[in-house]
Amino acid sequence: MKRYALLTLGLGAAALALIDPALAQQATDAAAEAADAAPAVDAAVDAVAAGVPLETQFIFNTLSFFIHGALVMWMAAGFAMLESGLVRSKNTATICLKNIALYAVAGIMYYIIGYDLMYQGVDGGYIGTFSLFWSGDDTSFLEGAFESGSYAATSDWYFQMVFVATAASIVSGTVAERTKAWSFMLFTVILTSFIYPITGSWQWGGGWLSEMGFSDFAGSTLVHSVGGWAALAGAIVVGARKGKFNADGSINPMPGSNLPLATLGTFILWLGWFGFNGGSQLALGSAADAIAIANIYANTNMAAAGGVVAAMIVCQLFYGKIDLTMALNGAIAGLVSITAAPDSPTIGQAILIGGVGGILVVFAVPLIDKLKIDDVVGAISAHLVCGIWGTLAVSLTYQTEYETEAGETIARTMGEQFAVQATGVVSIGAFTLIASFIVWFVIKAIFGVRPAEEDEELGLDKVELGLEAYPEFGQGSQRV
Amino acid sequence: MKRYALLTLGLGAAALALIDPALAQQATDAAAEAADAAPAVDAAVDAVAAGVPLETQFIFNTLSFFIHGALVMWMAAGFAMLESGLVRSKNTATICLKNIALYAVAGIMYYIIGYDLMYQGVDGGYIGTFSLFWSGDDTSFLEGAFESGSYAATSDWYFQMVFVATAASIVSGTVAERTKAWSFMLFTVILTSFIYPITGSWQWGGGWLSEMGFSDFAGSTLVHSVGGWAALAGAIVVGARKGKFNADGSINPMPGSNLPLATLGTFILWLGWFGFNGGSQLALGSAADAIAIANIYANTNMAAAGGVVAAMIVCQLFYGKIDLTMALNGAIAGLVSITAAPDSPTIGQAILIGGVGGILVVFAVPLIDKLKIDDVVGAISAHLVCGIWGTLAVSLTYQTEYETEAGETIARTMGEQFAVQATGVVSIGAFTLIASFIVWFVIKAIFGVRPAEEDEELGLDKVELGLEAYPEFGQGSQRV
Amino acid sequence: MKRYALLTLGLGAAALALIDPALAQQATDAAAEAADAAPAVDAAVDAVAAGVPLETQFIFNTLSFFIHGALVMWMAAGFAMLESGLVRSKNTATICLKNIALYAVAGIMYYIIGYDLMYQGVDGGYIGTFSLFWSGDDTSFLEGAFESGSYAATSDWYFQMVFVATAASIVSGTVAERTKAWSFMLFTVILTSFIYPITGSWQWGGGWLSEMGFSDFAGSTLVHSVGGWAALAGAIVVGARKGKFNADGSINPMPGSNLPLATLGTFILWLGWFGFNGGSQLALGSAADAIAIANIYANTNMAAAGGVVAAMIVCQLFYGKIDLTMALNGAIAGLVSITAAPDSPTIGQAILIGGVGGILVVFAVPLIDKLKIDDVVGAISAHLVCGIWGTLAVSLTYQTEYETEAGETIARTMGEQFAVQATGVVSIGAFTLIASFIVWFVIKAIFGVRPAEEDEELGLDKVELGLEAYPEFGQGSQRV
Amino acid sequence: MKLVMAIIKPFKLDEVRESLTALGLQGLTVTEVKGFGRQKGQTEIYRGAEYSVSFLPKVKVEVAVVADQVESVVEAIQKAASTGRIGDGKIFVMDIGRAVRIRTGETDADAL
Amino acid sequence: MKLVMAIIKPFKLDEVRESLTALGLQGLTVTEVKGFGRQKGQTEIYRGAEYSVSFLPKVKVEVAVVADQVESVVEAIQKAASTGRIGDGKIFVMDIGRAVRIRTGETDADAL
Amino acid sequence: MKLVMAIIKPFKLDEVRESLTALGLQGLTVTEVKGFGRQKGQTEIYRGAEYSVSFLPKVKVEVAVVADQVESVVEAIQKAASTGRIGDGKIFVMDIGRAVRIRTGETDADAL
């Protein structure tokens, strides 16, 4: 609109020309200079009119990445505590080590190879670019050339990096108490360098699934199911803990040794999940982004709340007691369920989506036990089962659009969206499961995955770390 | 001021008209279009002149709500850990369950009914609107119609929702170790659906207390005292833990089972409190807001510091030893004390206000014991006693204004403010205490509030949850 | 550029004057008024062109301080948990108390005296101003007079205050399990009132070291080494724990009692460190700041990751087992190492800098044992040794500039920078070590620093606090 | 001298101790144990899987007494520890050949 | 009656219990203990310092039986608890002069 | 054979063990216990309420020896465990009818 003002000025100059050519020349020069200045003024005013100046947007976007990324990093502590609380005390220090180590390794591998494999040059395909050592480039921004939606390169890298660690954390919980530390680390290396980035490229890297219209906002499938499938493969290849399943087929529960820690871990995850889902808006530079993130926080919270309450009620009804560990799993289940679409449902819908997750987890845990798959912390139930549910449930509240041959943009129907979501679930599931199986098998063949039976009996803490998690609190009572 | 430019342009056009009517017409049209564009330009320039463009303000305000809200959510973990650490190990899992469940239930009930009851249409009255299922509306913002101070609807809801959970957390600590889980949950439902929203509406909903000039910035009374009164009613109706008070009137201390967890919980609360008080500025869209929040963070911190140091010194002087649990209570006491006015005192005043809280709590704990009220974690002393102190202390550093009949706006005197503060304390206290008594009594009459004596002896974890918090660390030693 | 528009308007008015003087007068008045308005418009447009309006900058800067400051506050919880996990259970409650108390005391002393000593009127010298009770002044900002880089006064104070607590936390870990609580508190008072602020003034206060070109971005030396030197002096003056060193010179390890807590503490520190380093950018008001902070987050994270992985590998190679406590120390070591220059290295360099830290710590811990210095949590190895390494390593990735006599600004060579860094390390080290020795000696002479031998045997929890950290989990097993 | 060893329910410990001090006994030693017996632990459900708890927490009280006190001590313990419900525990009496008080070196009856 | 007291490796507890119930025994009492013996704990390294663990976790099983069962009980325990490796533990048999079931007051053989 | 059972102060355990190995003994078993005796726990204050601690942490050492070593063992323990202050503990000596080494099946003196 500023253009009209300049036009008017030009006209004024034209009027002057009728009276005094010299003056008119001056005025015209001034107008020309004003016109030169116009783009800047224009951009500035556009920006103000559009609400948020571009550099301010840049700061907001970057801020969202690093603050939300820090919250996701914090989830690593959540997994560490949840798993520490749910294993037996003789394996507690080992699970602590695995959790801090996997977080470290995941970041390093994602830097060395993962990020580019996931995000560079996927172009609708099946894999990104194989290049070593990611590096970002912020020069244009430092020169002031911002676009709407731009952010510091490293802030995005940081945010994506903390996500990959989450996937690895899921695996550690399932195969806890019986997997050699270095073998587990090796699997983590492959998972975070290749498996996760490849499936990630299909959607977030702009690969074939994203072109097909698949939708997974913050990673019910891309992060949680991927972790869950890798965990499932691990649980099968590594086998159950000695003593978990009796000869007669009955199950021998091995209660978690420190439930307040497990509770703390769940709260940490809950908090971190605001970063996980909120940051996945990938921007905070406009009111629309801020509104979206606010909705995401509320929905994320309420899905978890729904998961807790649903799990508690189902436990009470079916078992007559309220199993704390199930309530905790219910929270995680709710969170995983909402992760595929935390922005589109209403709060009420979010409670329901999370609530279904909470119910699923209560039934999935004993079912997986019955399949003789030993999942120490219930990660397969919470992350895989609810990851699938959440991904499919997207179709209820959100449908992607596509362009018809006629060039029209129309939204998919619920049914079409469901089909696309199912395609994503199955394809990513198949790839991850098969790839993980192969990797676990190779590691087993070459290095072995389990300590000797007596070592497992003694506990990995003694054997692999040479220490005890709680050396002063007595030992052996867990066996009576 | 932009208007003058347009006027000039119009005048230029008038000049043109004298020369060539056709040109003049064009110029006038352009000027008219420029004038159409004017409001936007105007608003934009106004906004820039006022410092922060409106949409940027919107983002800041929303950001403040969701980040600070997340910090308050984190307080739920703090209460869980503090209480887990201060109960005996046989009831630890139950208190974990109660804490995560109450947080979930509080959010759901506040969504279903509480928020509207507290904030919709209170208009100086005693209660808001009874309507089911809150929903926010951000359409006008998405259309770009911002005002100074606006924020995403859900961000505010989210922030208020986490507050109500805090009130419920306070109750769980007091009545721990002897209250049936489902009965407690039922009380939580009523507290968060009705009791808290009603008293909340009197002040934050714009009800009669706020009209009277009552001031409670972040809820020393509205959140902490309300929780404390509800806890007091609960402690009386439920009764003391078996064995807490000996027949001869002496007290039988039941030491908390895990003091590092209690310490962790206190640190979590301390951190979360920055969100609690800082977010209660309700805006971050101007330098004035940013300054206020910075002051709030500092004062909140220093009041807690004052509470810790004061409690330690008093303990040393009166008991000859420094009771860690009292130092922890001192921190909470300081935090509660400053909550009613974290923005107005100087840092020095904040230390003193918190310090008085720290002293109060050291004397209140044994006093409440002497009244044969069994408050497991000292929540009544920290939240109710210091909540009252903090609310009254507002009058020392902040006085609200009122309009005289002559239309002048003048500030209350300290004495007047004190009277108003006392009115708030008493009215909210009376309502909450009576309402809570009734609710607890009804629950007791219908469902019962206590497990059988032998079950209490065994511990709620075994009886209500069917598990142990620390199954491997031996049991029974707490009895010797 | 807006000026051209105004010029053109003036010209239009001039044109009018040729036709109708009266009209011309009006137009000129209008133009004059427009010109009056010009500075504001100008400033606004300048600001928009410069990207971020000044008040928006102010909010961002302030926000960065308070959010990052809150993360640093959270590190106090990290130290508390790390130390709680690494001491024996009979001293756990005492270390909890010391940690919360030192955080409180540090803030109060920094308010009373420390801040002004560190930041007011240092002017290239050796110490700031001795004045009581800091107070900030935001009046100019409230009047709208912003400059680039300005922020709320208290937000900066808050951020600096949480740093001083970190230094004190380091000491508590080293001298744990054998130092009287009140004597330790007394040392904390002196450390945070005088020692830390004085050395701090040399660099961050703009003193002689900063003039010399020393660089310590977030405090590898100013915070971590200072804490480390003070801890070293303490360890020597207080002496080793009874039983730590056998008569034959061999070492008697005293395993930490709760390794999951130590792990949690490490994760907390890791998270808090994003605030520590990120906030030390001291601004978030421009894209350049946002980019810097993003890089800092990533580098901080990756240095810690490098530290963990390096420590694990070295442990495996040298001891055949992976000591969890060493992996945790490795994380801290990596974090301390990157703290002096978290913004300048690439991610790859950050991994290496942190990795070297991780290696250093694994060798430093037994070395310090061999020197018969009893450092309970390895704080000297992690904070002092790696603080020195990190400070020297700055010269590899960053060189400060200086002005030649000819007035040219040129950067130091790596060698020159190294020399300056070494000067800083040595001078601050010497001052802190000597000052700390004197203070510890005086405290020892007047009040004593150690409890009676039998009291140490019983545990400080019983003796100084009159309680146990874990009263229900049995006692005495640590002795077998 | 005799050693009276009683396995009792944990929450009965205070009553047992009081009944013994009422008899004039000056010392006893307590150990936390787990008992397996006719009293069956409840069937519990953990994460959806049923299991039965076979060991229950008990407390072992050991008290050394001169032979002629045995009768009254056993009786006192039995009375104080009894709830009448299954799992109340057992009392065993064994011979002590010799007793020494470490502090003083006193022996036998004087040592108790 | 006799008290059979066995110090065994913790992970053998379940097998021992099963072998005893197979003999028809109805009760036993278990205590967590630490043992010092010929079996040496490994040399461990904690934070770079070597040390040797001298006490190892063991479990003490106490079972009161009538005299003529002693033989089979000792044998059953020995068989169930044996791994053939050092540190398997010991069985000691002592006399019980008297036994009382607290719940009922039954004595001696009836009390077991 | 005899079972020497000593209740001692926990921090004396290492000295006691050393004095016994000095006598050539090869094994012993240790249990964490709580003791009630003449030594009274301090009056403590927890959250402003006074209470007295009646049970104090002790350690029980059990060592099986051949009869003619009893004298020297008891003496060694008494010497090593004594501080001369109240609460030092007791030593009780009981008969062992039989001893078996689980690993080898060796019995009696050979089993120790």
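We just call them A, B, C, D, E and F in the order they show up, numbering each chain from 1.
We adopt the following convention: contacts are C-beta pairs under 8 Å (C-beta built on N, C-alpha and C of every residue); 3 or more make two chains touch, one makes a residue touch a chain.
In this text the structure is predicted, and so the values were computed from the model without any measurement.
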**Q.** Given chain B and chain D, the chains that contact each of them
**A.** A, F
Q: Can you spot which option in C-E, A-E or B-F is basically B-D again, with over half of the contact pairs the same by residue number?
A: A-E
Q) If you average the CA atoms of chain C and of chain F, how many Å lie between those two points? A) 51
Q.
On a C-alpha centroid basis, what's the spacing between chain A and chain C, in Å?
A. 30
Q.
Need the CA-centroid distance for the pair chain A / chain D, whole Å please.
A. 56
Q.
From the mean C-alpha coordinate of chain D to that of chain E, what's the distance rounded to whole Å?
A. 18
Q.
Residues of chain A that contact two or more other chains, please.
A. 5, 9, 12, 15, 19, 45, 48, 53, 56, 67, 255, 258, 264, 319, 321, 323, 325, 466-467, 470, 473-474, 477, 480
Q) Residue numbers in chain D touching 2 or more other chains? A) 30-32, 34, 45-46, 55, 58, 94-95
(Q) Under the stated touch criterion, can you name all the chain pairs that qualify? (A) A-B, A-C, A-D, A-E, B-C, B-D, B-F, C-E, C-F, D-E, D-F, E-F
(Q) Which stretch or stretches of chain D touch chain B in the complex? (A) 10-11, 13-14, 30, 32, 42, 44-46, 57-59
Q.
Which stretch or stretches of chain A touch chain E in the complex?
A. 457, 466-467, 474-477, 479-480
Q. Once bound in the complex, which stretches of chain A touch chain B?
A. 1-2, 4-5, 7-9, 11-12, 14-15, 18-19, 45, 48-53, 56, 60, 67, 71, 88-89, 255-260, 263-264, 266-268, 270-271, 274, 278, 284-291, 293-295, 297-298, 301-302, 304-309, 312, 316, 319, 321-325, 327-328, 331, 346-348, 351, 470, 473-474, 477-478
Q.
Can you tell me which positions in chain F touch chain D when the two form their complex?
A. 2, 6-8, 31-38, 54-55, 58, 60, 70, 74, 77-78, 81-95
Q) Which part of chain F faces chain B closely enough to touch in the complex? A) 34, 45-51, 55
